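Chain IDs A, B, C and D follow the sequence of writing; residue 1 opens each chain.
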Amino acid sequence: MTKKKILLYGGKKAEYLVNYEPGKRIQTHLGVLTLPENLEYGEKLETHIGKSFFVLFPTTRELSMRVKRTTTIIYPKDAGYMVIETGIGAGSKVLETGTGSGALTIILATIVGPEGKVYTFERREEFFNNAIKNVVDAGLDDRVEFHHKDPAEEGFDIEPVDAAFIDVPEPWTLVEPVYEVLKPGHVWVSLSPTIEQVQKTHEALKEAGFIRLKCVEILEREMLIRPGKTRPKERMISHTGYLTFAWKVKIDKG
Amino acid sequence: MTKKKILLYGGKKAEYLVNYEPGKRIQTHLGVLTLPENLEYGEKLETHIGKSFFVLFPTTRELSMRVKRTTTIIYPKDAGYMVIETGIGAGSKVLETGTGSGALTIILATIVGPEGKVYTFERREEFFNNAIKNVVDAGLDDRVEFHHKDPAEEGFDIEPVDAAFIDVPEPWTLVEPVYEVLKPGHVWVSLSPTIEQVQKTHEALKEAGFIRLKCVEILEREMLIRPGKTRPKERMISHTGYLTFAWKVKIDKG
Amino acid sequence: MTKKKILLYGGKKAEYLVNYEPGKRIQTHLGVLTLPENLEYGEKLETHIGKSFFVLFPTTRELSMRVKRTTTIIYPKDAGYMVIETGIGAGSKVLETGTGSGALTIILATIVGPEGKVYTFERREEFFNNAIKNVVDAGLDDRVEFHHKDPAEEGFDIEPVDAAFIDVPEPWTLVEPVYEVLKPGHVWVSLSPTIEQVQKTHEALKEAGFIRLKCVEILEREMLIRPGKTRPKERMISHTGYLTFAWKVKIDKG
Amino acid sequence: MTKKKILLYGGKKAEYLVNYEPGKRIQTHLGVLTLPENLEYGEKLETHIGKSFFVLFPTTRELSMRVKRTTTIIYPKDAGYMVIETGIGAGSKVLETGTGSGALTIILATIVGPEGKVYTFERREEFFNNAIKNVVDAGLDDRVEFHHKDPAEEGFDIEPVDAAFIDVPEPWTLVEPVYEVLKPGHVWVSLSPTIEQVQKTHEALKEAGFIRLKCVEILEREMLIRPGKTRPKERMISHTGYLTFAWKVKIDKG
C-alpha cells in the first residue's frame, strides 16, 4: 500500500477516512477497529464488538470532499467537468486561485501527477495554512506550489500554465493577471455561485482577449436502485455554482 | 507546438479540429485557410476572404467529442465525474470496455498520461478499427493497449487495474471478469441508458462481491450570458445514461 | 370576507394559516395577534410587541400544503400539471382515490367549483376521517362526496366522471374499476414514486383499453432574486413522483 | 357531445384537433376520415385505407398548445403551477396581459368557468385578433372580456380581480396598474424568460407594496416506459421562463 490513506467503510453512515498505521486504533460508532500489519485495500476488518468494516481505496472524491473545511469546497460533479473541458491531464501545469480548503488542489494534483505542477494562490492566511495541511495529508504536496499572496494585487509571477482554475468571489479582478500567465489558446475556468458574478466575469473576459465563452451548470441526481422500489432520491443539491469557460487568444493591445 | 491537433475557431458555427501541417489548406465555410509555418496556439489567421479564425488548444472535450463516430459516445459531463469518483490520475492503470469510437479512451489516456496505461477491449471489428484510428489521430496511442475480443466470453487477461470503465449494453456479463482484474478496494463504473440495465448490473455487482453501490445521473445545463438577456438555453440533452459505481472487496467464495 | 381562512404572514418563518374569527387571539413566535372585526385581506396587523403581520388570501397551495397530514401529500407542481393535462375545470366531475390527507381533494374541489363534483375514495379509516376534517376546514366539502371503501375490491359505483386522479400504492389494481366509470375519451392520471409502480401501471393500462400513455416528472427549482446575489436555491426536492397519463377508449372486450 | 372540438389520435405522429361536424372529411397522412353522425368521445374510426383513429376529449393542454400561434405560448407545466399558486378556481375573476395567442386565456377560461371572468389585454392588433379567434374556436369566449389596449399606458379600468397573470416583455411597467385592480391580499404572477426581467420586476413589486416574493422555474422531463428499456427521453425543453409570484398588501402611500 503506497498511499497512506484508507477509507474505512462500515455502511452508509459509518465511513472514516484515516491515515494508515499498523496498530492504530480507530474509534467508530460501531466499536473500536485496530489496524493490522500489512493491511491491503479490499480487506475486511472487525471491530471489538464484531462489526464489519472494509478497507477501500480513497478516490479523489473522498480525498477532496473529506478535507478539513474552512471554506465551501468544490464538488466532484463540477471539478470533473472542469478537468475535461480544460484539457488537463498527466503532466499539465495549472494555476489555481484561491486555494480555499485545498479540495480542488487535491483533485488537480491527482490529475497532473508528479510530472505536472499545480500553482495555487491564497491570500487569507488561515485558509492557506489549513489547505497546506490538507494537501500534505493527502500525500500530494510534491507537485503543488503554495503561494500566500493576493494575485489580483501582486500578479502571479509563475511560468506559463496550461489552464487556470479560478474560485474567488471576484473572478473579474483576476482576468488581467491570468491573461499574463495562461498559455495562448488555453482555457480559463471560473466557478461562481451568482449570476451577477458570472456577468461581470464575462464582460471582463471579453474585454481582455478571451473568446468562445461558455457558461454551464452541472447537476447531480442520485437514483436509489432497490428491488421493486427504484426511484430518484427525494432531495438534492440544486446549486453549487456556474462554470465559466473562456479561451485566451493573442490580441493587439496597441 | 508538440501536439499535432489544433482547433480552428471562426465563430460558434465555424469550428474545425484538424491536424496541423505547415502549408495545409483548410476549406471552411468562411473561406480557405492556409496554415503558416511555426503556428502557435492563440494566433489569429485569416481566410482568403478576410474572415478571422483563432488557433485553439484542443481540450479533452474537443478531442473526444469530435472523433469519427461509429457508436454513441460518452459526454464530458459523465466522463469527468467518472474520473473523480474512481480516483484515477496520472500513472493509473485502467480497464475500459467497450472501446466504441474511442472517445472515452482518449479521455482516459489523457488522464493517466504516458506513465499510465489504458487497456481497452472491443469485440466488434468495425468499431475496433475506427477507435484505433481515432486514438492514434489524437496522439495518445502510446499508453493504450487495444484488445479485439469479447471479455464476457474470454476474460481480460491483463495486470491488475486501478479502475474499470464499463460501457457495454450488458454490463452484468462483465462483473465476474472485472472482479478478477480489478484491484481490491478499487472502483467499477458503468454507464447505462436504461433503468433495467442498471437494475441487472446492481444485482450482479452485489452478488459478486462489490459494495457501496451508487447510481447517479449528471445533467448539464447551459446558461446564455448576454447583456440584459441572461437565461438558460431553451433546450438541453436530458439523458445520456445512469452511472453505477461499486467498490470491489475481498470475499470468501468458499 | 367570504372565505373563513386567512394566511397570516409575518415574514418567511412566521406564517400561520388560521380560521378567521373576530377577537381571536393567535400566539405567534413574534408575539400575540388579536384579530379585529371586519378584517380584510391585505391588511396589516401588529402583535402585542409591535411586530407586523399581513393578512393574505390563502391560495390553493397554502390550503393544500398546510392540511393536517397523516400521509405524504401531493405537491402543487404535480397537481397543477395534472389539472391542465386532464382538462378539468369549473363544473367537472372527477374521481380521486385515495383521499389521503385531502390535499389533492382540496385542489380538485377548488378547480371544479360548486357546480362540479369530487368523488373521493379512501379505504383506511384514520386517513378518511382526517381528510374530511381538512376539506371541511377549507370550506370546500359542499362539492365533495367522501367514500370510505376500497374500490379495488368493491368498485366505484358513481356516475361517469371527466377524469380520474389515482394516488395509491398499487394503481394497477384500479385500472379496471376506473375503466368502468371514466367517460370514454377522457384521462386517467396516477402519481407513483417508483419506476416499478409506473411499469406495472402502464402494462395494466395498455391491456385494459387505455391509449396515448405518457409519463413525466415535474421539477420545481427556486431562484433567489437578491440585488447582486441572484442564484438558484442550494437545495431542492428532486423527486415526488412520476405522473402517468392515459386516455380511455372504447374497445371490444368480446 | 357538448364541446365542439375533438382530438383525433392515430398514433404519436398523427394527431389532429378539429371542430366536429357530422359528415366532415379530414385529410390525415394515414388517409381520409369521414366523421359520422352522433360521434362520441372514445370511439374508433377508420380512414379510407383502414387506418385507426380514436376520438379523444381535447384536454386543456391540447386546446392551449394547438392554438394558431402568433407568439410564443405558455406551457402546461407553467400554467398549471400558476393556477395552484394563485388560488384561482371556478368562479374566479382574473386579469391577463398580454393575451398573445390566447393559450393562457384558454387555460384560465377553463379554470374560472362560466361563473368566472377573464379580463385579457393585448396592445398589438394582429395578436389581438388571432387570440379572439382561438378562444372563440375553443368555445370559451362567453367568460372572456377582450381589451385591445396598452394597460401600461392607459390602465386597466376593470372590477377588482382575484389574481393577475402577466406575460409581457416588461412586467415592471404593469406593477402600478395591477396594484390598482388586484384585490388586496391576492397574487400577482408574471412569466419572464430572462433574469434581468425578473430582477426589474422584483424591484418594482417591492416598491409598489407587494410582499412575499417568490421566483421559481418548472421543468418537465418525460420518461419512456418501454418493457426492458425504461429511461428518460434524451432531449427536453430546459427553459421557458421564470415565474414570479407576489402578494399585494395595503400600504400607506403617504
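To be clear about the criterion, a contact is a pair of C-beta atoms (placed from the backbone, for glycine too) under 8 Å apart; a residue touches a chain by one contact, two chains touch by 3 or more.
Just so we're clear, the structure is a prediction, and the values are computed from it rather than from any experiment.
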Minimum number of chain-to-chain touching steps separating chain B from chain C: 2
Distance between the centres, which are taken as Cα means, of chain D and chain B, whole angstrom: 44
Rounded Å distance between chain A and chain B, as computed from the means of their C-alpha atoms: 21
Residues within chain C bordering two or more other chains: 195, 217, 221, 230
Pairs of chains, among all present, that meet the touch criterion: A-B, A-C, B-D, C-D
Chain D partner contacts - residues on chain C that touch it in the complex: 9, 40-44, 54-64, 76-77, 79-91, 107, 110-116, 162, 183-187, 195, 198-199, 202-203, 211-225, 227, 230, 242, 244, 247-250
Residue ranges of chain B in contact with chain D within the complex: 193-196, 217, 221, 228-240
